[in-house]
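In the two complexes that follow, chain A is the common piece, with chain B as its partner first and chain C second.
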Partner chain A sequence: MYRKITREKLRKWLIGLSARAEILVPAKMNGLWTFRLFHNQELPQNFLNSRIPPKNLFFEPLKGLLGWKAADGSFQVNSCPAPEAARVIFGLKPCDARALRLLQPVFTGDYPDVFYAGNLSRTLLLGQACRVQCQGSFCSEVGIDRQDSVDFDVFFREIAGGYIVRVITEKGNTLTGEKEFFEESSAGEWNSAKEEIRGKNEIPLFNLEKVKAGARERFPDEDFWMRVSAKCINCGICTYLCPTCHCFDLCDLQRPGQGVRFRCFDSCAFPDFTKMAVHNPREEKWRRYRQRVSHKFNFFYENFQTVACVGCGRCVAHCPVNLDLREVLLEMAR
Partner chain B sequence: MSEIIPEVSKDGLLDLGKKLFDERRVDYFLGYKKGTVRFKTIPLIARKGEDLQELWVEDFFHANLSLYLKEIKGRVGILAKGCDSRSLVSLIKEGQIKREDLYIVGIPCAGQVDPGKAAKAASCEPEELEEIIRRNQEFVIRANGQEKTLSKTQVLLDKCLFCQYPRPLIFDSLLTGDYVAPVSPVARAQDDLRQKPVSEKWAFWSGQFERCIRCYACRNVCPACFCPRCIVEENMPQWVSPLPAEGDNFVFHLMRLLHVAGTCVSCGECQRVCPVEIPLMKLNEKMTDDLRELFDFVAGVDLEKALPFRTYRQEDPQDFIR
Partner chain C sequence: MNAPEDGKNIYQPHLMEIVKIIPETGDTKTFHIQFQDASLRESFSFVAGQFAEYSVFGEGEATFCISSSPTRMSHLEFSVKRVGRVTNALHQLNEGDIIGFRGPYGNYFPLDKLKGKNLLFIGGGIGLAPLRSLIHNVVDTRSDYREITILYGARSPQDLCFKYDLETWERNPSLKMVTTVDAGDNKWKGKVGLVPMVLEELKPSAGETMAITCGPPIMIRYTLKSLEKLGFTPSQVWTTLEMKMKCGLGKCGRCNIGPLYVCKDGPVFSQEEIQNFTSDEF
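Right after this comes the complex of A and B.
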C-alpha cells in the first residue's frame, strides 16, 4: 500500500504523534549525524547515516540490568524494568533497519533479552531511502536495497515537496491512515520516485556466496589472518560503530550497601576480550580480527542463515589505518 | 653549509628500501600505500623487499607510523614527516627504541588535508567530497559536481598551520622535495576556553566526554601511549570502569593526558581518528604549553635535554618532592 504526504504535513503529523510517543529524528550535533528528540523543528533534508548506529537505541552501550540493596540484615535484588513507552524513530536507513532485524533472533531466541525485545516492540520504525552512497559502504553487495526495504513499519521516498510512503506493517497502516495528513498513492507513483544513488562504489563488487565459502575455507589460514590484520591498532572503532556487533561485558558498580549491574559493549579488537582466569584464547591480534570477520560471515551465517553485516561502511570509513573489510572479503571470495 | 644530505628520489625510495632489506639492515620497513577510501592512505608494513612494491607517498599520508614501533621490534626502516620525527626523538629518549635500530627516511609534507574541515568550508558533507586537488597555493574541491577554491587554512589540519618542524629532526636520508611549512607559521592563538571559569570548562568537557564511546582509538594510535598494559584495563583492582559513563570517561582522558605529558609531541593523531570528533588537541595543547612554561621543555625536539618527569632537582619549587 502506498500513500503520500507533503513535507509540512509530515512535520505536523510528527508533532501530533509526539503527544503520544517519544519521537527521534536525524539531527546534526557536534558535526555528527545522530538521532535526537524531536522538538517540532524542521526535518533535515539530505541527512546521511548516523555516525553511531541506531543499534544503540535498542541495545544500549550502557544499560542497568539489576540493582541490589542491603540494609538491616535484609537483601533485595530488583530487575530493571523493560522499556515500554511508545517511541517513533524517523529517518532510519535500510542498512541499519536490517541490522536491527538481524539481531532479533540473537536477543529474542533461546535467551530472550527483555530490553532489546521491549525496545523493538515499543518503537515504530520509519525508514527513508538513501540518496548518497556512504563512504566505505557495500550495502548492495550484502543484499540491501537502498531505495526499498520491508524492515520498517513505513518506508519513505523523498519527492519534490514531500514523500511517497510504502506502508509495510499493520501498525504503520493505522498510523498513516489519518486522512488529514496522508493521501492515497499508487505503485506507479512509488516506482517513479526511485532515484539514482549519487556516488560510486570505490571497490569492485564481490560475490557474497563466495565470501561465505571463503570465510570457512580461510579460517585455518593463519598467514592470511596475520597479513590482513598486521596494521590493525586494536581499537574498538569498527566494533563500536558497527550496527550488528553485539558482544557485551557485565560490570558491577558497588557502593556501601548497594550496587547496580550494568551491561556495556565489549570489542573483540581488545586484547582482554575473552581473557579468562588462566588463559586468553585470543591473545594475538590476528585471532581477534579473524573472530570479527568469522563471526559475521561464518558463525552467524551458520547459526542464523544470514551474514551479520549490512555493508553500512562505518568500519571502513572510520578505521584509523584504513583496514578495509571490503578488501578482506574480496580476498576471501577469490 | 657543509652538511651532506643523502637525498633519495621517489623512484629511488623503492630501491633504497630493497637495498636495506638485501643488506639485512632492516627487518621491517614502515611506509604508506594507496588508500581504499578517498583521502586516506594505508600504513604499509613491509617484511621483505617485494612488499615495498605498493609503496606510495603522494598525498594524504596522515598516519604517524612511529605508532607501530610499540608492536614491531627489531631493526626498522621508517618514513617520517617532520612532525613524526619528533615522536621518534621522543621514543628514543624514553628508551623505547634505539636510534641505531632505525633507518629514518624523511619525507617532505606540504600539509595534511582534513577532509571534515574541507567539507565544512565547502558547505557539503564529507561523503560528498569527490576530489581535493592541490593547485599552487590553494586547493580545488570538487563536490556534487561543483568546483570550489579553498585556501590552505580552510583545508589543512590545524596542526599543519602551525608547523614548526617541516624538516625531520633526525633522519638517515631525505626524500627529495621542499621541506618548508605549508603556510608561513603563525603563533597558535590561545584557546578561548582557557580564560573561562572552571565551571564553564567543566561544562564544555562534560559535553565532549559524554560522547566518548571508549573505543580507545586515541590511546592506541598514540605513539606516546606505549604501556604494555594500560591502567584502564586493570581489573584487580579496577581503577576505571569500562562503562562509557561521564565520570569514567573523564578519568580516562585526563589520566591519559597527564601520562603522555613530556612524551606527547602534538602529532594530533588522537583527535584525527576520534570517531565522535572530540577535540582532544585542546587538552594536549594546554598540556604542552604548561610543560614549556613550567619546565622549559618541548617534547621530541632534542635528544639531549632531560625529561621533565624523570629528573630530580634539589631546588624543585614544590615541597612534597624535596
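Right after this comes the complex of A and C.
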C-alpha cells in the first residue's frame, strides 16, 4: 500500500505523534549525523547515515539489567523494567534497519531478552531511502536495497516537496491512515520516486556468494589471516560502530547498601575477551580478526542463514589504520 | 526443563543460600547451596553435565558446572578454584551467605547412549567436578550400567579434590577406583604417574565401553591419544569443554568454537563432534 505526504504535513504528523510517543529524528551534532529528540523543527534533507548506528537505541552500550539492595537485614534483587514507552524513529536507513532484524533471532529467539524485544516492539520504524552512497559502504553487495525495504513499519521516498511512502506493517497502516496528513498514492508514483544513487559503485565490488564460500575455505589459512590483520591495533572501533556487532559483557557496580548489574558493549578485538584462568583460545590477533570476519560471513550465516553484515561502511570509514574490510572480502571472494 | 517464563528477565538470578562449604584443597572449595524460594527447591531440575552462572553481588558472575547429582536434590553443589575476581569473592563467603544462580544451561551427558555400557571415567584435578555429577547419578541407578571404572589424578595428594567421594567409591565393590598423583609424598600409598600413562597401564577394554573425561586441557589432549591407542573410537569418548562465558545463553559472543556455542551446543561433546569442529580455538 502506498501513500503520500507533504514535508510540512509530515512535520505536523510527527508533532501530533509526539503527544503520545518519544520522537527521534536525524540531527547534526558537532558535524556528525545522529538521532536526537524531535523539537518540532524542520526535518533535515540529504542526511547521511549516523556515525553511531541506531543499534545503540535498541541494544544499548550500557544497560542496567537488575539491581539489589540490602535493607533491614533482608536482601532483595529486582529486575530493571523492560522498556515500554512508545517511540518513533524517523530517518533510519535500510542498512541499519536490516541490522536490527538480523539481531532479532539472537536476542529474541530462545531465551528472549526482554530489553531488546521491548525496544523493538515499542518503536515505530520510519525509514528513508538513500540518495548517496556512504563512504566505505558496500550495502548493495550484501543484498541491501537502498531505495526499498520491508524492515520498517513505513518506508519513505523523498520527492519534491514531500514523500511517497510504502506502508509495510499494520502498525504503520494504522498510523498513516489519518486522512488529515496522508493521501492515497500508487505503485506508479512509488516507482517514479526512485532515484539514482549518487557516487554508487558502478560495478559490484564482490559477489556475496563467493565471499561466503571464501570465508569457509579461507578459515584454516593462517597466513591469510595474519597478513590481512597485520595492521589492526585491536582498538575495537569497528565493533563499537558496527550495526550488527553484539558481543557484550555483564558487570556489577556496588555502592553502599545497593548495587546494579549492567550489560555493556564488549569487543572480540580485545585480547582478554576470551581469556580464561589457564588459557586463551584467541590470544593471537589474527585469530581475533578471523573471528570477527568469520562470525559475520561464515558462522552467523550457518546459524541464521544470512550474513551478519549490512555493508554500512562504518568500519571502513572510521578504522584508524585504514584496515579496509572490502579489500579482505574481495580477496576472500577470489 | 526450567524454560524461561515469558516476559521474565533472563539475566536475573535466583537467590540461593550457602548451606555448607567444604575446603577441597588449598585453593579449591565446594559450596552446597539451596534455593531461598521453597517452590524452586521442588520444581528445579537439571541433568548431569549442565552448568550455571553463579554470582557474588557486587563482584560479578562466573560459570561453573553443577557438581552434584540430579539424583540427590536436597541441595546443589558446585566447586570453585580460586583464580580471579569472582572466584576470590566466592572464597571469602561464609555459610549462610546469599549468592545468585542462573541455570541450568547447556547440554548434558548422553545418558541414553551410556545405558547398558561399561563406563570409564577419567578425571584430572578440579575436572572431576562435572564427572562427579554423572558418577553419583550412575551409582544411584547402578543396575542400568555394566562395569564402572574411575581413574582420577591430581598433581599431588594435597591437590586431590572430593577425597570423601574417592574414599566412598573405593569402598564400593561395584566400582573400580584408581587414584594417581603426578608426585607422591612419604604418606602416599596409591599410584604415582600421569593420568594418560596410568590409563595405558590399566588397559581398559574398549568393547562396549564409553569413556567420559574432564580435566586440564593438556591432560585431555594426551588422554584422547591414549584412548585411541586402546582402541576407543571417537564416538565412544565424551568430554566437557571449558570456554569463557558471560551470558550462558548464546548471545554475548565469547564461547563460540566456529559456529557452535559451548554454552548452548555444549559443554558436553563427543570426540567425534570435536574432530569435526571447524575451529581449533578451544
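As a working rule, the second predicted complex is superposed on the first by the 330 of 334 C-alpha atoms of A that agree within 3 Å, B and C clash if a C-alpha of one lies under 4 Å from a C-alpha of the other, contacts with A are read in each partner's own complex, and residues count from 1 in each chain.
In this section, a contact is a pair of C-beta atoms (placed from the backbone, for glycine too) under 8 Å apart; a residue touches a chain by one contact, two chains touch by 3 or more.
The shown structure was predicted, so the numbers you read here are calculated from the model rather than taken from an experiment.
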item	value
Overlay on chain A: chain C relative to chain B, clash or fit	fit
Contacts of A:C134 with chain B and chain C, given as first, second, both or neither	first
Touching partner for A:I203 - first (chain B), second (chain C), both, neither	first
Touching partner for A:Y289 - first (chain B), second (chain C), both, neither	neither
Chain B versus chain C as contact partner of A:W13, first or second or both or neither	neither
Touched partner set for A:D249, first chain B, second chain C, both or neither	both
First (chain B), second (chain C), both or neither touched by A:H279	second
Which of chain B and chain C A:V316 touches, first, second, both or neither	first
C-alpha centroid angle, chain C to chain B via chain A, nearest 10°	90
Touched partner set for A:F219, first chain B, second chain C, both or neither	second
First, second, both or neither for A:P112, with chain B first and chain C second	second
Minimum C-alpha spacing, chains overlaid - chain B and chain C, in Å	6
Intersection of chain A interface sets (partners chain B, chain C)	249, 251, 253, 266
Touch list for chain A against partner chain C, complex	65-66, 68, 75, 77, 79-80, 82, 106-107, 110-115, 216, 219, 246-254, 259, 261, 263, 266, 268, 273-279, 281-282, 287, 291, 294-295, 298-300, 302-303
Contacting residues of chain C [partner chain A, same complex]	4, 7-13, 15, 55, 57-61, 81, 83-84, 98, 100, 216-217, 242-244, 246-247, 249-259, 264, 278-279, 281-282
Parts of chain A lying in touch with chain B, wherever the complex brings them together	30-32, 46, 48, 51-52, 61-62, 132-136, 198-199, 202-203, 230-231, 233-237, 239-241, 249, 251, 253, 262, 264-267, 270-272, 316-318, 320-324, 326-327
In the complex with chain A, residue positions of chain B that touch it	35-38, 40-43, 45, 63, 67-68, 116, 120, 125-128, 144, 211, 213-217, 219-221, 233, 241-245, 269, 272-273, 275-277
